[in-house]
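Two complexes, one shared chain (chain A), two partners (chain B, chain C).
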Partner chain A sequence: MGPIGEDELFFLMQGLKWTVLLAIVGFIGGGIFGILIALLRTSKKKVTRTITAGYIGIFQGTPLLMQLFVVYYGVALLGVEVNAWIAVAIAFTLHASAFLGEIWRGSIEAVPKGQTEAANALGLHYGSRMKDVILPQALKISLPATIGFLVQLIKGTSLAALVGFIELTRVGQIISNQTYRPLLVFGIVGAIYFIICWPLSHVGSGLEKRMAKAAR
Partner chain B sequence: MLNSAKDHPPLISLEDVQKWYGAFHALKSISLSVRKGEKIVLCGPSGSGKSTLIRCINALETIEEGTIVVEGQVLDGSTKSIDAIRREVGMVFQSFNLFPHMTVLQNCTLAPMRVRGASRTDAERLARKYLERVRILDQAEKYPAQLSGGQQQRVAIARALCMEPKVMLFDEPTSALDPEMVKEVLDTMIGLARDGMTMICVTHEMGFARQVADRVIFMASGEIIEEAEPEVFFKSPKHERTKTFLGEILAHH
Partner chain C sequence: MSYRFDFGAVLDRAPELLWASLGTLGLALAGMLLALVIGILGVVARTSKSEIARTPVIVFVEVVRNTPFLVQIFFIYFALPLMGIRLNPTVTAIMALGINGGAYAIEIIRGGVESVSRGQIEAGFALGLHKADVFRLIVLKPALRAIYPSLTSQFIMLTLTTSVCTSIAAYELTSAAQRIESDTFRSFEVYFMVTAIYLVISTMMMGLFALISRHYFNYPTR
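Then we have the complex of A and B:
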């Protein structure tokens, strides 16, 4: 059995960096496309509602790992040479856009109908109605669920290890193989995930309680 | 007065308007014309179609048949006609519908800036003017949730006025208010009426109707049953349903 020293910890931190980066890219990319999905999902046109419902259905109905594989090998099949990082980032963006789109669809619909009516009566067009009136309120409503999903996404990045992306879990695996101390190494890896995710969950449920109180 | 009424076409005219919700016939052949400066009170039992009627005027509801003309603009369902009409028509809702994430001032400046392209300075000047008029300027920096219901409704009136509409529609503006706050809102509306605003009010406030209405219209089951000057309407209603309704309403007041 080898020792867990400074080098190993440094290596873990490198892995953590990629985990965090992947989560951030997935969350931002997913956020941008997610808004689009949510708007299309709540549009007046039935076609766009149906298409986006299908998109959301596919990503919610299949395992994230499967999605990673499909994008990873699918992109290669298209003849485009991309590294693991790009492929994984695309997969997480698609995945996050479906889930965030659905969360925000629900939040948009949860904004009282009177808000849309008041905006309409004032003559505000769709763009301003959404940007100024509906989305700020929907975002607030969605915050607990959005943070909950972010936590899922951070933990989900560990699956990227299976397509060879070297992030926190993959680094743990490598160190474990070198040192023969799987329990200790994965204990540390788990603790790192926990230190990031638990405060986020805590903030999310705190917001939820505060909003429940405000709604009474 | 009579001459000028003849010279000018009505500000609002509805002709043979029909509306269905599925199989439910919500508005049955409604014809109504409103002259500039006229104050109309619409009353009737709940479900009689009075709210639906005024919501059709600014295209919050669509109609199946008939024509609606506001200030010469025919409402034909096109974005252009809807925009043109909503620019002339302000609306106040039963549940205020203020934007909760904006201050009172921001509530009032949003539409002038976004719809009419006013600068922030101009929009704020306008907002302060109308907030002053509904006597709530001192609350301009507060959020709606920090105000009482009566104050919120007065802000909603100011918000609509900031678009400088030619007509104001009121959809049961005092129904959601605690009794002690009804008066401040009614007083604001009376002030508006005195200043010559054209108004269509759905309300059960018969005192208000007596005081400011030029005409009181009674609706039931989607039809206009009776319309008359308030004096005549309250003293000698013609129809049985009007008498029953008035009996019930006045018994509670």
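Then we have the complex of A and C:
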């Protein structure tokens, strides 16, 4: 058995950096496409509603790990030379866009109908109605679920380890194999995830309780 | 560039994929049952009057819900042998799935039990119902109805999570896919087809859950 020293901790922090980056890229990329999905999903045109419903259904009905594998090897087939980092980032962006799109669809629909009618009565066109009236209110409603999904996404980035991407969990595997101290190493790795995710979960459920009380 | 898709190489292994699908279903079913047992026991402890019973459950739920399943399954996989317990990977995977799903089930079931209002229970006693009848008719069924949507979507999540069990080489669909991939080098085709199989499984489960719901919880609330 080897010791867990400074070198190992440094290596873990390197892995953590990639975990955080991957989660941020997935969340921002997924957020941008997610708004698009949510708007198309709530549009008046039936075609766009059906297509986006299918898109969401596929991502919610298949394992994240399979999505990673399919995108990872699918991108390679396109003939473009991309490194693992880009392929994995694309996969998490697509994954996040479907889940955030569905969460935000729900909150757009939860904004009272009267708001849309009032915006129409004021003569606002679609863009302004969404940007100035509906989306700000929808964003507030969606906050607890959005934060909840961010926690899911951070935990989900650990699966990138299984396609060989070096992030926190993969570093844990490597150190565990070198030092033969799996419990200590995965205990530390789990604790690092917990330190990041728990405060977020706490904020999310706190918001949820406050909003439930306000609604009563 | 022209890549020639070859799904035939994968289709040749269809029987293997079929058996592995049953493996996935079995893993999911066993995981759900264990999650349900942990969920019910956890709620009993979580809602008890003694703090010694409540605190470990709260810690358990928070730890499990805020760490990745992959780290949990590795931890359990290496921890069991150190405790002198030797299990095959598939049984270990069921334990990990049950523990993970159990933490979520505790929160869902607790919410459902708390949603039954005190007044209804008192009204039941006022009508002269026995304690068992009050529990069965006034507490249990409405609580089941309240938790059913969250619990079943959690079950579908659990089913999709079984794919992570390939990391400890449990018998299921994703590990079969990886085996076929290393034999045929048809990575994209294998994973594409297996993803489709997962979609079929989760869609069928959703349909089944909706059918059960329509059958058992089809009564007016007010």
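Here is the rule we go by: the second predicted complex is superposed on the first by the 216 of 216 C-alpha atoms of A that agree within 3 Å, B and C clash if a C-alpha of one lies under 4 Å from a C-alpha of the other, contacts with A are read in each partner's own complex, and residues count from 1 in each chain.
In this text, contacts are C-beta pairs under 8 Å (C-beta built on N, C-alpha and C of every residue); 3 or more make two chains touch, one makes a residue touch a chain.
Quick caveat: nothing in here was measured; it's all calculated off a predicted structure.
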Touched partner set for A:164, first chain B, second chain C, both or neither: neither
Comparing chain B against chain C, which has contacts with more of the residues in chain A? C
Scan A:123 for contacts with chain B and chain C and give back first, second, both or neither. first
Report for A:206: first if it touches chain B alone, second if chain C alone, otherwise both or neither. neither
Between chain B (first) and chain C (second), which does A:70 come into contact with in this model arrangement: first, second, both, or neither? second
Touched partner set for A:2, first chain B, second chain C, both or neither: neither
Identify the partner contact of A:54: answer first if only chain B is touched, second if only chain C is, both if each is, neither if none is. neither
Shared contact residues on chain A for chain B and chain C? none
The answer for chain C against chain A in the complex is residues 1, 3, 62-63, 65-72, 74-75, 78-79, 82, 156, 160-164, 166-167, 174, 177, 187-188, 191-192, 194-195, 198-199, 202-203, 206
Can you tell me which positions in chain A touch chain C when the two form their complex? 58, 61-67, 69-70, 73-74, 76-77, 79, 151, 155-156, 158-159, 161-162, 169, 172-173, 176, 182-183, 186-187, 189-190, 193-194, 197-198, 201
Can you list the chain A residues touching chain B in their complex? 112, 114-115, 117-125, 128, 132-133, 136-137, 140
Within the complex, chain A is touched by chain B residues 58-60, 83, 86-87, 89-91, 93, 95, 97-101, 110-111, 114-115, 156, 159-160, 163
